[in-house]
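Naming follows writing order (A, B, C and D), and every chain is counted from residue 1.
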């Protein structure tokens, strides 16, 4: 295991210290908890957004705490969902009187821990609601299973629901908009290398020099299948095909695109993927409203990428274009 | 032996059993999950063990609630809230009681399972801890209704749990992280069912020894 | 070689297409050249900043084209400096009548190719001047050698000289400020893994599982020495020690910090490094004015990091805090 | 043979020589640089070769200027501007000339070296192409001053260049990418000096053959 760390047990603690040291103008830490909240929390009268999950997905989620996105991010151990007491503290710290929306990625652990926290908060009289992001088309959706996972599409939920809250909308409205994003976003990913959880010390799976893993989540778990490495264009075609099998996007529809790196892939390759995404969308007559290329939802040092497509309407377009000022996602108003 | 004393002993033994099986449970999770079940559970029960001394003179409800809250706030993942809820629901049956009877035990077990179902929205056959716990509960209940001893009841219960663990090898996961593997999860035994079996076995062993 | 590409020969071309597709509101491409210029170039009356170099350092330099930073970025082949005709086109395209400043990283090839371009531009009557960034303390400085290399500190030059140009300062002033940054910035880097130039197909050097390379540049060239992997704290201590051996920073001085990832290192590790940087500076009584953590100047997928320290005065502080709106570096005014 | 015709032949042969030594030059650069010298040079001279036909009826100055500009705009790195400048300076000596003499050759060589020095700010002993070119120039000049033939002059020149390449193995680099290695560059031969030697050797071979 080659990592620039001190001690596998303390990576989350030291990372959080490093984040707060670097960006005191954006975030502060809740003492004794692995929770980052906006430096100016709680924002009176605004619906607060709380998200989080296991660590190892940086800049998710701490990097999205700030104006126009999250009010708090709760950091679990690497790839392990945080416990309800941590989430509960986050909720209490950011509630500005207008209620709190939890943005949860669809993993059994995350869902249950966040829901328990919501119950605890409700017992204290805080208005809490939640949405569950499930954008990963690698996994089939069904009410009889755990359903699709939440991956990079979550960042669109943070951005757009964050803008809605920033606009002063009430909890019910912010939730409606978050759910609209969730219904309209789909993601599919692949990787060239596994990643190593510091505490485990060895890679989560093995891949031969000419192999790639397709349809995997963001926790180092194996994907839906293994394949010989293809060209960037072929990979992109496959990812988009899976997405369009799952969601109908028609000619003249407008979309936002996110080409997300998993942590170990150079930007150069992500842009090569984006080139093909644009080509394919153009062929289908789909209009690209906005494109995001970079490391938004990572799996430690995993090499690989995911492509997300978000179908837009006027409401989502306006909120997606709104100002955001966080550590890792900054956008000027248009 | 007083019920509370026995309960402390049982929980302490559960913690020791989980610790001894930390690697084993983690390896099972590596096959179909994310290799942390043993690590998570051990972290939680180690903390439980540390807190036992402070509640040893309290009632059964308080003891179980302490276990529940400790698991909830240290285990994380899926198993933390599930086992936490189970212990919390069991606690609610015996709040303020220092002595408990057979009926309490059946009721505690029943409430625990209902808590897990409510929290995890899973059922028998989904390849989860419930595949060990539900058959165990049914056998234990039947045994007690037949007026057998608590020890006999838990012996039947733990044996049924073992069968349940074996059964999880034959089915595909529908809930939890293993469900992403779909059919590829067949052939592997469920780590959560295994930890449930180990806990029931620890209860049985403690009761037998304490007799 | 595990890469998401189509063809090693065409990575730069396809990357540039992907960038322009993704961010048409920021950059446009000079047809027939590997040059990205501001979408609104030339900006009349403003001193224009042109930088560039070999590709493979993304988001450098194309990612810094935009308001408050660069007017153009010239992209050579991977790790190969661009030719003078490319740089010349960039100069012509962005000159807004107030002259052009070239920001050159100190490599023999870059310096010569950019200087030839400057000569060509001067022959056409364009006012051109240049600065050479040489922040890498791994290499000893001397007028009798090539001197120190230019690495991550270059981004500070882009930011601050870019802000000076944006403020409407004249070429001489913008150059003076750029040189002040260069005189006050030092960087030192290390890596855990080599990187692979697509056209070469194999790693630039080999490192054992327990080894790291210290004092290396950003072109996959070997460093000044090899060592056993140390803890993050020890590594950080060493990097800062080398920096402080080269530049005097005293108690009460204010600095900007950049913890830069080389492309394959997760943000988590960079923040763990930053935690120690902050500790060491605090011990020395040095005040941190601003901290930047992320992938700013990379070496393809190399795992590793560099730390840069920039000594500040009031002028530099003001310019560093000024608004910037580029693809990869956005900052709201304070 | 006309000077221009001979010049075209020489440049064509230089291009072929560089192409044959593409891997060799790149491997030398891998040791102390960034493994691209052969790739860069071959790319440039391939393009030169393509453009030769279009200028074959032009004067020597135009031919050399075309070579220069092609190298400058295709080679990149350090060697592109250096060799480009060298050919450009040589071209300035013979602009508009269709026939050139011995003195022109000495002057062209001298100007080329001055161009490289001006552009790269390096000198003899810095472990660069100059360590091949300067001794070659000195020997060639002496030979011509002694009224030896052009062929003899280039023979002595290429031999001196070869010695220069050997000498680069003994010294540490002070300029270019290899200088970052400091003392660690000792023991390796300089790729740019090697390509310079190969070019002089190609000139000599062509002259000898054309005689």
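Assume a contact is a pair of C-beta atoms (placed from the backbone, for glycine too) under 8 Å apart; a residue touches a chain by one contact, two chains touch by 3 or more.
For clarity, every value in this text was computed on a predicted model and none was experimentally measured.
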| item | value |
| --- | --- |
| CA centroid of chain A to CA centroid of chain D, Å | 56 |
| For chain A paired with chain C, centre-to-centre distance based on mean C-alpha positions, whole Å | 29 |
| Inter-chain centre distance, chain B versus chain D - centres from mean C-alpha coordinates, in Å | 81 |
| Touch-based graph of the chains, sorted into line, ring, star, complete or other | line |
| Chain-to-chain touches, reported pairwise for every pair that qualifies | A-B, A-C, C-D |
| Chain C residues touching chain A - in the complex, by the definition given at the top | 2-7, 11, 14-19, 21-23, 55-56, 58-59, 63, 192-193, 209, 212, 229, 231-233, 235, 257, 259, 263-275, 278, 288, 291-295, 298, 300-301, 303-305, 325, 328, 330-332 |
| In the complex with chain C, residue positions of chain D that touch it | 33-36, 39-40, 72-82, 84-85, 119-120, 174-177, 179-182 |
| In the complex with chain D, residue positions of chain C that touch it | 76-77, 79-86, 107-109, 112-113, 115-116, 138-140, 144-146, 149, 197, 199-200, 204, 217, 219-222, 224 |
